[in-house]
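For reference, the structure I am asking about is given below.
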Amino acid sequence: MTMIFIFLGLSLLLSYVLSRKQPTLGAYFTIIASLAGLISVYLLRNSVGVTESFYYLNFQITTIGWYFAMILLTVYFTSAFFNPFWMDELIYPAAYNSLYLLSLVGTIGLFFAQDLMTLFICWETAVWSSMLIVQQGKSRQAAWVYFVISAIGSMSTLFAVLLTMYLSGTSEITGALTYFTTAPVAGALVFGAFILAGLTKIGIFPFHVWLPLAHGSAPHTFSPVLSGGLVKMGAYIAYLSVAVFPAYQVFGDSLKIQGVPLPIYGLMILGAASIVYGTLRAIQQEDAKRLLAYSSVANGGYILIGILMMDQMAFAGGLMHLLNHAVASAAAFLAIAAVAKRTGTTKMSELGGIIHRMPITYTVYLIAIISMAGIPPMGGFVSKWLIFQGLSEKGLILLATAAAFGSIGSYMYVFRPLSAVFLGQLAPKYEHIKEANPVMVTAMLILTAMSLLLGVLPNLVLKTIAKIQIELGINPIIVNGTATLTENGSVDMLQVFTVFGFGFLLILILFMVLPKSRRVGLMDTYTSAEFIHTPELLHYGHSFYAPFERLYEKWPSVLPLYKRMSMKLSELGEWAESFFFHPDPNRAVLWIVVVAIVVIIGGAQ
Amino acid sequence: MHEVQKNDRSLWEVVGDYFRANSIWMKWYCTGCGAIEMPPTMTSRFDMEQLGMGPMATPRQADVLLITGYLSTKTLRRVIYSYEQMQDPKYVVGFGSCTLNGGIYYDSYATINQLDKYLPVDLYIAGCMPRPEAIMNSFGELIEMIKKGEAKGWKHYKENHEWYKANQMDSLGEVIIHDEFHE
Amino acid sequence: MTLMNFIYGFLAVLGAFVFQTSLTGINRKVTARLQKRRGPKWYQQFIDIFKAFSKSSITHGWVYDFGAIMALGGIAATVIFIPVAGMQAFPGLDNIFVISYVLAVGMLGMAMSAAGSGNPWASIGVSRALTNMLAYDIPFMVVVFTLIYQHNTGSVSELASIQQGVGILGWNFFKLPLGGIVSVIALFGMLGKKPFDSFIAPAEIASGPMVEYGGKQLGMMFTLHELMTFIEVSLILNLFFGGGETLLIYMVKYAILYTFTNIVSGVMPRFKIDQAVTFFYKVPLGLAFIQGLLVIYLGWGY
Amino acid sequence: MKEVKLFLGPQHPGMHGNYSVHMYVDGDMIKKARPTPGFLHRGFEKLMERRLWMGNLALIPRICVVEPDINEMVYAMGIEALAGVEVPERAHWIRMMILELGRLAIHMMAIGGIGGPTGMYTATYWGIAQRDLILDLFEKITGARIYHMYIVPGGVRKDLPEGILEDVTKVLDQLEKNLPEYEELILRHPIIHARIKDNIMLPESVVWELGVTGIGMRSATGTENDLRKVKPYARYDQVEFDVPTATYSDALTRMQLKYQEMHQSIRIIRQVMEKMPKEGPVRTNFSAGSALRFTVPEGMVYTAVESSRGEYGYFIVSDGKEQPYRIAVRGASYPQGLLGIEKYLTGYRIDDASIWMDTMGVCSPEIDR
Amino acid sequence: MTNSMSNWIETLEKDLGVEVLDSPAKLQYFIDVEHTNVHQTLAYLRHVGFTQMSLLSCIDWIEQGKFQLICILMNWENGVHMLVRTMLDRENPEFTTITDIYPGAVYYEREIHEFFGVHFRGNPTYQKPLFLERWDDMPPLRKDFDPQAYSDSKFPRREHPHVFKTKVVEVTE
């Protein structure tokens, strides 16, 4: 494993050198490097439990770490295909390429970290490198917000790490965290600090503010990584703090709601809130990337709820949703990036009818959103179904409602780019654009195939998850052939897929038997018999859900609150500063006297 | 002008004509006065739906285009546009004397005098305006015509497309107006 | 999975289509009587659909056709999943979430096809249809969660058979009256009956998603509508009215339930879409929550 | 682009009549609306100059399709004023009866018609079938259902047929019996309220700016500005009736005023049947010998009556010949149908557009002429 | 005519400095003004209660070579219609818009331009076509425009073949 790190570190340097000479070359090198990383991590699948040290950093291969690393590497690998085409749009292409690989190193290190210090260092590496990439995008402010919110996470991680190491006397993660079974009060503190870091990274309400900003303005090639990959770091932290950290024992004495301790239930409510909030905000967005970013907020809520449930079904669902969402979200972001490459914009109201020029990109996006919306036969369905099953089995009706809301609301927001960007009238200015570059298409097709595979044969992944569940000592999810069994119902996705294919075939035959249709232009359309010749004026893309949006447009946003808070804070700082650093020398003299008196009195005692 | 021959219909067409005759969806283009007698025809008193007829929202879905009265040139352009958006087989019914020969507006500078120069009319309903009874009666007639395969104005329009187009151009100058009144 | 399963599934789709289409025709007559007129022949709906199939058609590009096929295919597949009086083509696939999500394939296909026609009215209609779905589905889902929690199963056929054999009071509609009312209101939304039909409102958006369909695509949309009605009414019937012990009982119950919705919608105007959302989130969602809390925390309803 | 251009009409289920509104829509809000009239333009004002005074009788009802009698009335009033002819007493009363029956018919259509844009089709079916009974009365009296050509200069074309008063009473009784049912079904339905209450406002300032008359003006200003009261024609000064008014003009209020006006019309018709002279001539001839080619003395006059949508007037110029020199028509819905749409449809939603057109009373043929 | 009404008329005459003419109909008067004085007359009339403009129309007096504009105002308080008339030159018909006094006149002005060709200074939209589309002849409501000829040239009439079947009556003896 150390070899992987060394290799990636070297290739990082190499890509920097190459990019200085020829940026595109360096970018192609990132593909190779991440592919090599992917393969080598995959080969580690059987060496669970192996520990290794690299100077002060200690690593251990665990199933869950392997699972997370595979997800991350898939996303990094496929997104890297897009890197070569954005080199001329970046200010520092060499830095971008090397930071891309650096953040990869950081995240993988995080998942394999054995001790808390390693965890922290890798965390910081990933955060800093990704922040430097984000600020190469459209807006510096986004990078700042990202930095500030990440700083909260970092500080609380550092606090938790130091406190744990101090109290438990060990830095090995499992050992240190299980110590808190005996010290519930300190445990609650550590749990809080840890989970805070997780929440900020997943982008759970109310710490989601950085996410749409950063995703929206990061370079188009890095947004998929942010959404599909880096967010999963937070999920890993959340996993550590409920599964490795004995959260259910620590809070065992507190009030329980349907068997869930109140603090954990509260966190789940936060997850539910971010599902609802992310859904509602995603519906409002006018920019396709920001829309997808808000959908990441909502999906983060599912993942959090699933992981926090720690049971047979919802936990498996949460872990599987990690993968499904990573794949689908990366595919969707990449499709939008491909469109942005050709058209130069991601504003939905300015696009339209792109399907007639980029049909493959459209198909990729379609399958991605089917998965994101949780519609069979794509991957997203299975994980959402498992989460639903778990929630309704426990009777957590509020959370289940939020989950249902997010699921059905996702039809609304995922359909919107589909309709506004790809369908509808093609504007004359995009008359001559071409399909995305074959290299980009390859990357997108890989993700699409994965989505489909995960939907039809979810048990491939569920088996790994069952292994994780066994390690954690909870009832594993039962898989039988192609069927997934749960206590209150089972589903066989292969059969569902077959029946769906049967229905589709039936109708296809019907369609083919009937007389062939005549092709007409898009502008030959019903306009109440009036004449119109401007395609842009017939393209409905702005304020798509206006009546629905109007119901909650007055709701306060969190961002102004933060702004006001920061303003107050800086005022406070200035006020405090004015006591000490004032142009009037009398004040300084006063303070010196006061301090002197305090020292003298203190010294006298 | 090329006349459509009395052709032998295939079995498929005979069956299709049976369905078309018993389910006529109309695009009720409210071109003039005749439209005022359509609501009584559609609603409870005369209940057109018992013939299987019903109003439809757009020309794409409709089978029959009802030209309910006189046509100003401005309307005729829209009517032709609507007719061309309809799906074959499609039928046209002209209401009242205005579509027949200009009616009371024979010398108006804004209305046309004879509809069948511009569109193939399958059936005219005489009267100014036709009463609901007359409308119901002629719909019965239309059903018979479709059943027998005699309502083939749409074929006629296809085969004599140039002739119709030339007439339209002579009277209207331009069918699809290119000025969209953007402000 | 044998060939018999598929043949049975095909027959199920065909049977559902024939049954629901005749019922629609009869209900058109019922509505006509409500409006003091004679109404069409009972088989008028068949003629309408076949007429649409017999006409020529246009296409606005491949997604316009593909969406329509995907919609009808998805719906046909969903019909195969629906248990009718205990009969099923593929046993074990009748999980309620599967049914309600496969249904979404049809929705998405139709939405895609409609938006693919490039007509703004269609896009507005689709945006309203999806909003409408968000409105009625949430209260309904809350009731469904309650049901699953109560009976510990998510299988529709099991949920139906649990209610049978105890007489009329064994129905969930009487066991969980608030939930039953909510689900019947949600049924109006699912079927797109007034007052929740703003997504096809002719006077506002010229029949919305249907605006560009003609010929065979229109026929497919009508077929889709019939099959979708069958799925939705069957779902409510199985969940709340005990399904049917035999096919005859099932059909009679079905006809009564469907005719009821039809008559009520006959004297209703339509809500605007945001009013529909507000309505669903005020009354039925509240009732559904009360029902859920009663069942989960007080154990009431067993 | 942010705005979508949508067309309400000319061929749209939400548009009654051949009329078009070009709407620039953002989301579902109308940002800009442009009326496009002229689809029904037949050049009436030109055609009337080419017809005989008598021949125009066939032309004028066709200007307003839904309520044709007012045309005949203003035309006859104008010629009578120019020629100084006094109309027989009985003809005045018969004219009033026809006008009020016409008002009942169009209000019945409007009240039923609100079912169209709101989706309450049962109301439409019932309302229009009810209106048909009134058309039957017209047919008995005049021989035609829609275009009666009954009110002619100098009186009415012929006397009332035998036993018509009993028929009228029967129809009115039935209508009066059914009206509360319609009110229950339409004007008190909670969902209809949700759609049209506090919606589609017509503020008082707008009334003066546009020159809206009729129910629009009365519902906004609270004044009894009804031409039947302010400058009574026929024998409206001899019957008792109220003019319903309101000071808050939303769509619901305007519908309610229509409903109340129907009761007043029924009241007027009952009084007419009671007070009218039972016998007597109904028509004065213009000049002996040339009944068809009569001439009208030189001069110009403006006559106006109260239609269901407001002041409906003809401006008639005669040069003493057999044909009118010029006739200009003031359509009652001209102000709200053109400037009203351009200025005040914006800010409403596309859901409301066709209700806007309906309840503001936009009648396209009288705008286009 | 009541006494108060005649007083009111006299006041009007005094303030406007023009003669208020009677008309054949009751409660209706004419005022003839120069086209330069129209605006102040209208402003005054609006001030004294003629808040509604019922109609703005035009007459083509072809023999005199004049257009006559008629603005019909209505006072709802006493039900008086006031017809303000003014003459314009037919060769060069130009007038200043009255939309600043009666905003409702904007479409009437557009209509008069379309049908008579009168130009309205100060009305930005008056030249746009309103009722007619692609009109290619002189403004149609002018007296020298012949609609019959236009119709004949553009819209073919249906030819009715006047064939009468004559019945042959065989006379048999």
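Read from first to last, the chains carry the letters A, B, C, D and E; within each, the first residue is number 1.
To be clear about the criterion, a residue touches a chain if its C-beta (ideal position, glycine included) is under 8 Å from a C-beta of that chain, and two chains touch if they have at least 3 such contacts.
Just so we're clear, the structure is a prediction, and the values are computed from it rather than from any experiment.
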Which chains contact both chain B and chain E? D
By label order, what chains touch chain D and chain E together? B
If I rank C-D and A-D by number of C-beta contact pairs, which comes first? C-D
Per-chain Cα centroid nearest the overall protein Cα centroid belongs to chain C
Distance from the mean Cα position of chain C to that of chain B, given in whole angstrom: 36
Chain centres from averaged Cα atoms put chain B and chain D apart, in whole Å, by 29
Expressed in whole Å, how far the mean CA point of chain A lies from that of chain E is 71
When the centre of a chain is set as the mean of its C-alpha atoms, what distance in Å lies between chain A and chain B? 58
When you check chain B against every other chain, which residues touch at least two of them? 29, 43-45, 57-60, 74, 77-78, 82, 107-111, 177
Mind pulling the residue numbers of chain C that touch at least two other chains? 35-37, 56-58, 120-121, 124, 202, 206-207, 211-212, 215, 272-273
In chain E, what residues contact two or more other chains? 131-133, 140, 145, 147-148
Spell out all pairs of chains that touch, sorted by label. A-B, A-C, A-D, B-C, B-D, B-E, C-D, D-E
Going by the contact rule at the top, pick out the chain A residues touching chain B in the complex. 524, 526, 529-534
Given the complex with chain C, which residues does chain A contribute to the contact? 258, 353, 355-356, 359, 362, 366, 370, 373-376, 381, 385, 388-389, 391-395, 397, 400-401, 404-405, 408-409, 411-412, 415, 418-419, 423-425, 483, 487-492, 495-496, 498-500, 502-508, 510-511, 514-515, 517-520, 522-526, 528, 538-540, 544-545, 547-548, 550-551
Using the touch rule from the top, collect the residues of chain B that touch chain D in their complex. 27, 29-33, 35-37, 39-40, 43-45, 55, 57, 59, 70, 72, 74-75, 78, 82, 104-105, 107-111, 128-129, 131, 181, 183
In their complex, what parts of chain A are in touch with chain D? 349-350, 527-530, 532, 534, 536-540, 542-547, 549
Touching residues on chain E, where the partner in the complex is chain B: 131-134, 136-137, 140, 145, 147-148, 150-151, 154-158, 160
